[in-house]
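These are the structures in question, set out in turn.
The following pair of complexes shares a single chain, chain A, combined with chain B in the former and chain C in the latter.
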Partner chain A sequence: MFGWLQQIGHRVLSIVAGLGRSAQLLLAALMGLGYVLKNFRLLIKQVYVTGVLSIAIIGVSGLFIGMVLGLQGYSILVDFGAEDALGQMVALTLLRELSPVVAALLFAGRAGSALTAEIGLMKATEQLASMEMIGVDPVKRVIAPRLYAGIIALPLLCILFSIIGVWGGMLVGVEWLGVFDGSYWGNMQASVSFTHDVMNGVIKSIVFAFVVTWIAVFQGYDLEPTSEGISRATTKTVVHGSLAVLGLDFVLTALMFGDF
Partner chain B sequence: MTFLREKRAIFSDLSLRIPKGKITAIMGPSGTGKTTLLRLIGGQLKPDQGDVVVDGHSVPSLSRKQLFELRQRMGMLFQSGALFSELTVFENVAFPLRVHTKLPEDMIRDLVLIKLESVGLRGARDLMPSELSGGMSRRVALARAIALDPELMMYDEPFVGQDPITLGVLVKLIRQLNDALNMTTVLVSHDIDECLSIADHVCVLSGGKVLVQGSPEEILQSDLSEVKQFIQGLPDGPVPFRYPANDFAEDILFAGKDGVAG
Partner chain C sequence: MTTRWIEISVGGFVIAGALALLLLAFKVSGLDINGDDEDTYVVYAHFNNIGGLKPRAKVTMAGVTIGRVAAVEIDPQWYDAKVTLRIDNSMKDKLSTDTTAMILTSGLLGENYIGLVVGAEEDMLADGGEIRDTQPALVLEDLIGKFLSSMGKE
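Our next item is the complex of A and B:
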């Protein structure tokens, strides 16, 4: 009779237990900063794997999103004779919202899923267990460098996304549709605030990087070491990571740009 | 020591002593918790009751730091080899030396080559783990496990799936390493002939308890029906071969009624 109640209770308990385990892992990984700094090459390698190898997808996406913004922005602004404000619109949209969010979503899909699958396979093939038996803490050696690398890589990717996006907007607006380039860049320079727009965007991407990488490494470390378990965990990384980014984006936007 | 997994007792009041400097073979049917026992000794699992003592240290009560220090004196050969897939054979064997010693690079090179030569794979040093056969992987893993000359060496099913040549080499290697490095060896296996040929002390587990322990001769002469069944490989006996099920004829004749066969 109370089967459903029992099921709900069991589900809630397992979620709470999972949150507890993820917090423990996060704390242990953050405490591994000393080890990461001592073994700096581990961090460099992970920045390469998570960051440098994501440059292509971030660059291409940034270019197309910038071009679409240029096109859509022009078609709306030209009706009001305000096409000179195109640069301002493209830059603010990218810096405040699209760059941090889209870069984080792409990062969850490319680097996050790869992190989960890699750590999961290391667990399934007993590499983490053998590392423990050699007397090396896998949380410090495997998890911590990946967590810090994600936190470093995503904000840089986000900046790259913005730069390429602004250039893409210019390509469409100025080169193809004939907006005066002086007003494109001039209005942008006049309206974009470094602290309010650029830095808030970067802060957003740091928060997203932290959350997405945390989810990715935890899902990899905590998964059931079977092929089905790895597949489920990889999916969870992308789904939970993306939802967390979108949810947190609203909260951060309200805190940073909400007038209350 | 008692160890439970999801309320099911894997070991209940198990009491076992592993003699120093000898090869102890832990044998028993599949699912008796032989690998779990190695993980308890290595501190990867904690007993629910009782204690696991390694060289005077109570493993479950050690701090994480102390446990990692103790593990530097242990070596373990995993069933799958568990080589680090992103490192070459050379780097896999050098890994424990690099993280736990401050030896100069040329000395690390010499030590790695000595360990690889002892398992016959010096020529494979530049290969990646994905390029190795199962037997070769296990030999590289063995070279890595003995890189720091451990005092306690644990082998998890080292003979499974090996061809006769590799099997013979492994048996000889385990004996030679134990004697040359004066280490204590714990060997988990259900390969009776190989175990009895090299072990000094044998311990047969079943149902979470020690059935019998002693020298290989004593095990062979044991009157216990469970031990006889295991040694002779008989399907019928006190150790059930079949998983509990309802009557076979009934299952066949009334197929479909429970929705299994459609």
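Our next item is the complex of A and C:
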């Protein structure tokens, strides 16, 4: 009886302790902004690793998702004789939901897992400890540039995703299925508002970038320094990151678009 | 992989992101550089029923968009809908005081928007003026109700 209660208590305490450590790490990394700005090269290197190297996967998925939206949207809208609204449908779906969410999910898989594994291996091979020995703060040197790089890279990737997706929708809708291109763009421009749709999508992706990168660097920094620990932490980064993105997406959507 | 190449590609990445945002702003959302409020003036219109009219719906004259609906609220004095219209300054002092406002529907199931028809009066609507002569939205249920009651009389 008491063993069972103790188990619950232990789990809860360890979850709370983990949350506390992650908050401490986040605070320390955010305080490292001055160091990152002074060593700007570190940030650029990380933006390259997390952002530039993710362009290919973001571009290809954006193109295909846009094309699928064009095809599916057309097949539904044509029943109502409303295929002229295809541009509006594709653009709103991408800007409001799909590009922030899908870009963040891909980012968690492509860049987040790499971050965790890299930091985890640094910890396992005691590179972080030796940095501390020579008087370099590993949180400022290793964690902070990666955190800021993720927050910079994902919103840019999300914007690229939207543009490529809208273009892919046009490719299918206008070039292939014969929607009039004036009504594709015209209906899109009439219904998409810059502040309400474009900026809210960008804000969403900034929040997702923050959360995904935070989870990734924390899992890497906090893992058990064994090969098994690294593999578990990498899995956790992708799973927790994706779940956090999907859950937060509902909250943010309710806040941004919930007032009719 | 030299540092130079890394820096060049990151620079290209950031520029591409900024350009894509500009494209989204102008090509997708049709953002007007001229701020919303500076080149417009406000006119109020009272309707008995606005149907499905929403803020940001367009205001047209002869089918050409000349403004937007800024706000929709209830007027507690008359219990009717008070609609705030923002009209482009190019139409300032060109709308007579007896301008008619109607709530129209684009297509059979489309969005509601406002159509203006200018009157014959010499005085022009000023900033903050009110349109008195309005025609409420066509509500399908009312139409069916009228149709049924006229069927019953025969």
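Everything that follows uses one rule, which is that the second predicted complex is superposed on the first by the 259 of 260 C-alpha atoms of A that agree within 3 Å, B and C clash if a C-alpha of one lies under 4 Å from a C-alpha of the other, contacts with A are read in each partner's own complex, and residues count from 1 in each chain.
The definition used in the following text is that a contact is a pair of C-beta atoms (placed from the backbone, for glycine too) under 8 Å apart; a residue touches a chain by one contact, two chains touch by 3 or more.
None of these values were measured; they are calculated from a predicted model.
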item: Chain C versus chain B on the shared chain A, clash or fit after superposition; value: fit
item: Chain B versus chain C as contact partner of A:162, first or second or both or neither; value: second
item: Touching partner for A:185 - first (chain B), second (chain C), both, neither; value: second
item: When both partners are placed on the shared chain, which of chain B and chain C touches more of chain A; value: C
item: Partner chain in contact with A:3 - chain B first, chain C second, else both or neither; value: neither
item: Which of chain B and chain C A:137 touches, first, second, both or neither; value: first
item: Superposed arrangement (fit on chain A Cα atoms) - minimum chain B/chain C Cα distance in Å; value: 12
item: List of chain B residues in touch with chain A within their complex; value: 42, 44, 64, 68-72, 74-76, 78-80, 82-85, 95-96, 99-100, 141, 144
item: Complex interface listing, chain A residues touching chain C; value: 41, 44-45, 47-48, 51-52, 55, 80, 82, 91, 95, 152-153, 155-157, 159-160, 162-163, 166, 185, 188-190, 192-194, 197-198, 202
item: Chain A contact footprint on chain C (complex, rising order); value: 3, 6-7, 9-10, 12-14, 16-17, 20-21, 23-25, 27-31, 56, 58, 107, 109
item: Complex contact set, residues of chain A against chain B; value: 121-122, 125-127, 129-137
